[in-house]
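Chains here go by letter, A, B, C, D and E, matching the order in which they are written, and residues are numbered from 1 within each.
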Amino acid sequence: MSDTKSSTVLSIKDLNAWYGESHVLQGINLEVKAGECVTLLGRNGAGRTSTLRSILGLVGKRTGSIMVDGKETIAMPPHRIARLGLGYCPEERGIYASLTAEENLLLLPKVGDGGMSLEQIYGMFPNLKERAHSPGTRLSGGEQQMLAMARILRTGANLLLLDEITEGLAPVIVQKLGQVIRELKARGFTLVLVEQNFRFAKHLADRHYVIEHGRVVETIAASEVAAKQSRLDELLGI
Amino acid sequence: MFDIPMQSLMAQLLVGLINGCFYAVLSMGLAIIFGLLNIINFAHGAQFMVAAFLAWIGFTQLPMLLGPEFKLNFWAMLVVAPLIVGALGVLLEKTLLKRLYHLDHLYGLLLTFGVALILEGVFRHFYGISGSSYDPPALLQGGVDLGFMFMPIYRGFVVVASLLICAVTWYLFEKTKLGALLRAGTENPKLLQAFGVNIPLMITLTYGFGVALAGIAGVLAAPIMQITPLMGANLLNIVFAVVVIGGLGSIMGAILTGLALGLLEGLTKVFYAEGSTVVVFVIMAVVLLMRPAGMFGKEK
Amino acid sequence: MQPDIILETKGLTKEFRGFVAVRSVDLKVRRGSIHALIGPNGAGKTTVFNLLTKFHIPSAGSIAFNGIDITHEKPAQTARRGIVRSFQISAVFPQLSVLENVKIALQRKAGLDYRFWQPVAALHTLDPQAMALLDQVGLSNASHLLAGDLPYGRKRTLEIATTLALDPELLLLDEPTQGMGHEDVDRIKDLIKQVSAQRTILMVEHNMKVVADISDTITVLQRGEILAEGPYAQVSIDPAVREAYMGTEEEEHV
Amino acid sequence: MPTPIRVLLALLIPAVLVPVFPELVYPVFIMKVLCYALFALAFNLLIGFTGLVSFGHAAFFGWSGYTTGILMIKLADHGFPVELAILAGMLVATAIGWLIGTLAIRRTGIYFSMITLALSQIAYFLAVQMPWTGGEDGMQGIPRGKLLGLVDLSVDNHMYYFTLAVFVAGFLAIHRIVHSPFGQSLKALRDNAPRAVSLGYDTDRCKLYAFMLSAAFTGLAGSMKALVLQLSALNDVMLSTSTETLLMTLLGGLGTSWGPVLGAALVVSLQNYLAELGGVVTIITGLTFVVCVSFFRRGMVGEWEAWLQRRRGQRAQAAKTHNATLKKPVTP
Amino acid sequence: QVSDDVVKIGVLNDLSGIYSDLSGQGSVTAARLAIEEMGGKVLGKPVELVFADHQNKPDVAANLARGWFDQGKVDMVTDFPTASTALAVMEIAKQKNRIVMPSSGLATAILGEKCNALTAQWTTNTYALAAGTARALVKEGKKSWYFITADYTFGHSLEKDATEVINADGGKVVGSSRHPFPGGDFSSFLLKAQASGADVIALANAGNDTVNAIKQANEYGITRKQVVAPLLTYISDVHSIGLEKAQGMYLSEAFYWDFDERSRAWSKKFFEKQKRMPTAAQAGVYSATLSYLKAVQAAGTDEAKAVMAQLRKMTIDDAVIRHGKLREDGALVHDMLLLQVKSPSESKVPWDYYKVKTVLKGADVYPAISPACQVAK
């Protein structure tokens, strides 16, 4: 990964996306530099997940520009995009039922150098080691969430797209994940977090993008959070 | 009805098992293809036939055309013929099938059905209908007396070879990394692609592999069955039934059902020979009524 | 006299191969109210809808509609009783015209659905009624268009008109404003309010503005279980709900 | 007046004149085309309007032919009316339709097709085993009887007009079904089944009725074919008859009014006029499937309609031609 | 007196399906040879040939034949490798007053209940084939028989006809298996037949089924202890089985190319065109066409009844058929050949497959006129 903090890893310009006829993204613009952690905030259905899915080419149709490490990906098939060093932890977790936890963990192909070893991962998530041989979807929700996180750490991806990783998790695990994220940041990973849980995201992110109706309606740097608290509350319907 | 001596019953079961092996290998290929591509490969029988013809061509026609040093023996053909039909399968997938994935199953079925007709027609045009035969390799000729029956060595070989192929395929698909990828791909291909797996390529190769399995079955069948353009079409209906009973897309289901139906068909031949073809369909109807997704299938 | 509770579930549970999506839900919907069902993604809201409309068979528990146990009825039967739903993802008949969409519902209600010997002209008698419904939702000028060609928001509107055509006692709306622009959201909101006059509405909705403005009662689901219930004012300050769903501005207690 | 009916009227004029100029087109050939066209129309009623692909229609076609055939062979001399024989054929087909339908209708997609395939193999097996069907020799010399006890149908021209009349009646009846309240129900079901269910439609019952109606008209076609050609044979019950009809329907255009008729005319002509080519016919048929599926999924009539609409630039209308392709089923 | 000023012959058979090797294009060639031999003319009018593929579907056959009769000026139709097509066309020919001469259509049904005065089953029929083989083998002391029978009318009729002869000559049938058609794997039936200990395993099936059964009988070593007797085998079948496996088998045929000078001379002409030796069915088409044309010539008309009467008067004697007399019921009774398949070492030239064991007199192998046949009464 890059040590020049200034290099732009992800740059999205005027991204539009559709599911069938429903026009879910209506011009997203955002930019993430190497080693940064940004969040996408917004209400349910605002289009945060769709933004991540669009980056990976998983929506029905998309237009605009998405540059990853300076390469235009809007016309690429998903597997080529992923191989630019992306790791995705989907909202629905996407654990494969027909594989064991460990198989799930080992399934993903390498997309970059410097992925973590199995030992490191088990060190980070001891629960997974215990459940290594149970079918993936038999794990508890929290374990599945860890598994979904863990498996992309193995692949050497350095741009991680994480969707609602704290969703439905017990507070202790949420705390644990907070530590993991900090650790990842320290290791130089670039992170895009989609979060409902602002309390969680607040202390991790360098910047927050608030999305509403498929558009970025507000960009708030970590330093401005306090100042813009009321605007944020309004936007998030708090 | 029960005046059939134990010994001959054993013999019949063994014979049933041999047929079951063909069903298993063929339906395994169909199951693999359906699993990932969601296509019922109606061309499977024709591809089986093409491989049998290729074996025969390599063995008898090539030396006639190019000189005796070009004679390809059985063992060579067991490798070469499946590779050729597999490659043809890849070509078919790349050019035509891949355009159909977003459509109803019906279109894939119709397309492959058309391909089957073309292949049958072409081979009939060049090689006539009564077909040709092809002897087992010298090593496997003759037979052994098992006491209750005379067992041709070649048939024994077919059983061993098929079970081996089934076992290897099963291992490949259920126990290896590749298998894990394939199973994951069957579950949620889009997501897997987003993790960096080249799903389109995987689909193509899977089709090629499924077709190659039909090819292996074709070469194995060549010394037993008359090699005719229709040899596959005649088998195909039963093989479909096997796959459907086993559960579309289930490899283990295909193997076990293939073997079981072979045995059952063998038994029917003893007790009510006329019904030996239809019994498979009766079972299929009954199974589908009770378990809509087949014995081993998961309902989506 | 009609009982006050139009719909009641007791211990409603749905298990998907070991995964419990809905766990022991006791839900009471009062007649004439707008009842909102909210909760985080995957909380089981759609599943509850599917259970109520018989698209899923409950693993345990019972459902009573107007005091009648309908737990084991078939979907069509339940619909005929007067529980009609809309879908999370727009559900119109895209290849029929807007008018025909509404008439599909009307002809079912009029018992004409199996008349294969009559010409379609026989359905003309339903036209005035259908047009009236379209008028009510503001679609009458689009009646001849193919439903598939409508913009997304208007499809949702059409869906509601079609649902209303059955004159349901209980209307189930699954995220009626999802995927809509501001203006559409407001229009649908008003429409829901308007049609709620004669019937009961149970809706799943993520848009808190809609929920806050029109719902009488809110049930919050989390991981398949009821977390809280009550009017918006009460629910929205419930710490558990803020924690699970709406989020809180309190400092994180690390 | 709806276009399909206008087309029917327009075609009726040359059709009526066929027996006057037998050198031009051979009436018996046209009769055969009409029978298969009716078959394809009935088949289309199911696949085009419910999206269900049946591989079992040969069972209806064949068994109604056997029924009409055996009744006429055994009883025509005793004055058994031909109308009743046809009706009996239809009834048998409808009954088999009910049987197969009840079993198959609960499944969708590929499983539906496979069950119909299995059951039709059983129907075929019975045709081989029953002594009175004549096994693979079939039934020949089926008397055509007298229409209303008056008109001698053994005269080809009489039979021709009778067949034409039955075809027109069948066409109109099917047109009516498609454009009836029930037809609307079917369309709604095909368009979005979960939504239809939520509106109170009983999917299984609708589909079963559609299946039985389709079986009944297939039966009518089968009975007429038995009378026209005066024979009934095993190949009518075979799977290939079902796939051939599928080809006709697909070629002409799934879900279109005239597509199946055009497809039937084409396939039957191919059989007749390419008969000298022998084996090449299989290859041609195969190529037709491949080309049709790959490039002309809407079939001839479907493509034509799409072209017309594209030319008129009516976007709103263009969606209608989606009819001609099967979509993946919508799930809740 | 020639209708439409042309004598037209139709060859209607299977050009694409499972019977295309035994009939198919070869039959067309054979008919052509017959027409050439007549100089392409009878009674000063040209002789023309049409042919078509009936795909073994009676409705297709019926429709083609109807069109030929009504519009195509066709006077006689021949071949029909399946009985159903022959029967369908006979029915129409009767109405239209035309002649049908099945050559590969061998069902005895053609002569029984369904018989008509305008049909001549030319080459042979299932009874003659079955009777020839059965009689010869029973005489050799092979008394006990086991049948492997296609579960189809022609299979049943082969079995029934052979059984009649076996019983009459003092043999007995110890069992039979009926297999679905087409068969594919015969192991089960062969094992049952083997277990029955019968002297002869008779194959009452045809084409690929026979070929597969024989191949598999070899595989199981059955041919070493028991005699396998296919009741309906064409030289094309033996050609595809190969002598290695077929050697020693007995079979009956109406025609074998290497029978005598005349048959060899004609077959050579055929071979030049077709690159294969003629099957009996194809040779029969030649004989039927030739005889028909000769009868037209002799009768001075192509009117069907007159020609049939002429055919019945003639003694058929050509390169294919010897001592043939056409009976009232439509059977052409003529000499049949009992053949034994040569071993590979005995075979000197390509297609040198058979030893002629005996010439069977027609009267010995043809069935009596069926009482069901109304015409013959």
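Convention: contacts are C-beta pairs under 8 Å (C-beta built on N, C-alpha and C of every residue); 3 or more make two chains touch, one makes a residue touch a chain.
Remember, predicted model here, so these are calculated numbers, not experimental data.
Colleague: Going by the contact rule set out at the top, which chains touch both chain C and chain D?
Modeller: Joint contacts: the list comes back empty.
Colleague: What is the touch distance from chain A to chain D, in steps?
Modeller: Counted as steps through touching chains, the separation is 2.
Colleague: Compute the centre of every chain as the mean of its C-alpha atoms, then state which one is farthest from the centre of chain C.
Modeller: Comparing chain centres, E lies farthest from chain C.
Colleague: Measuring centre to centre, with centres taken as mean CA positions, what chain is farthest from chain A?
Modeller: E
Colleague: Averaged over CA atoms, how far is the centre of chain A from the centre of chain B? Could you give it in whole Å?
Modeller: Here the centre of chain B sits 44 Å away from the centre of chain A.
Colleague: Using mean CA coordinates as chain centres, what's the chain B-chain C distance in Å?
Modeller: 49
Colleague: Quick one: report the Å distance separating chain D from chain E, using the average Cα coordinate of each chain.
Modeller: Using C-alpha averages as centres, the distance is 37 Å.
Colleague: Just how far, in Å, is the C-alpha centre of chain E from the one of chain A?
Modeller: Using C-alpha averages as centres, the distance is 78 Å.
Colleague: For chain B, write out the residues touching at least two other chains, lowest number first.
Modeller: Expected reply: 121, 124, 274-275, 277-278.
Colleague: For chain E, give me the residues that contact two or more of the other chains.
Modeller: In chain E, residues 16, 20, 151 touch at least two other chains, as defined above.
Colleague: I need the residues of chain D touching at least two other chains; which ones are they?
Modeller: 279-282
Colleague: Where do chains touch, given as pairs?
Modeller: All chain pairs meeting the touch criterion are A-B, A-C, B-D, B-E, C-D, D-E.
Colleague: Taking the touch rule as given, give the residues of chain D at its contact with chain B in the complex, in rising order.
Modeller: 51, 53, 103, 106-107, 109-111, 113-115, 117-119, 121-122, 125, 129, 239, 243, 246, 250, 279-283, 285-290, 292-294, 297, 325-329
Colleague: What part of chain D is in contact with chain C in the complex they form?
Modeller: Contacts found on chain D: 176-177, 179-185, 187-188, 191-192, 194-203, 205-206, 209, 213, 315-317, 319-320, 322-323, 332.
Colleague: Can you tell me which positions in chain A touch chain C when the two form their complex?
Modeller: Contacts found on chain A: 21-24, 43-45, 91-92, 137-138, 141, 164, 167-168, 175, 178, 196-200, 202-203, 213, 229, 233, 236-238.
Colleague: Considering the complex alone, what residue numbers of chain C touch chain D?
Modeller: The contact residues of chain C facing chain D are 50, 53, 55, 74-76, 79-80, 84-87, 91-96, 100, 103-105, 107-109, 112-120, 122-123, 145-146, 148-149, 162-163, 166.
Colleague: Which residues, counting only chain B, touch chain A once they are in their complex?
Modeller: 177, 180-181, 183-184, 186-188, 190-200
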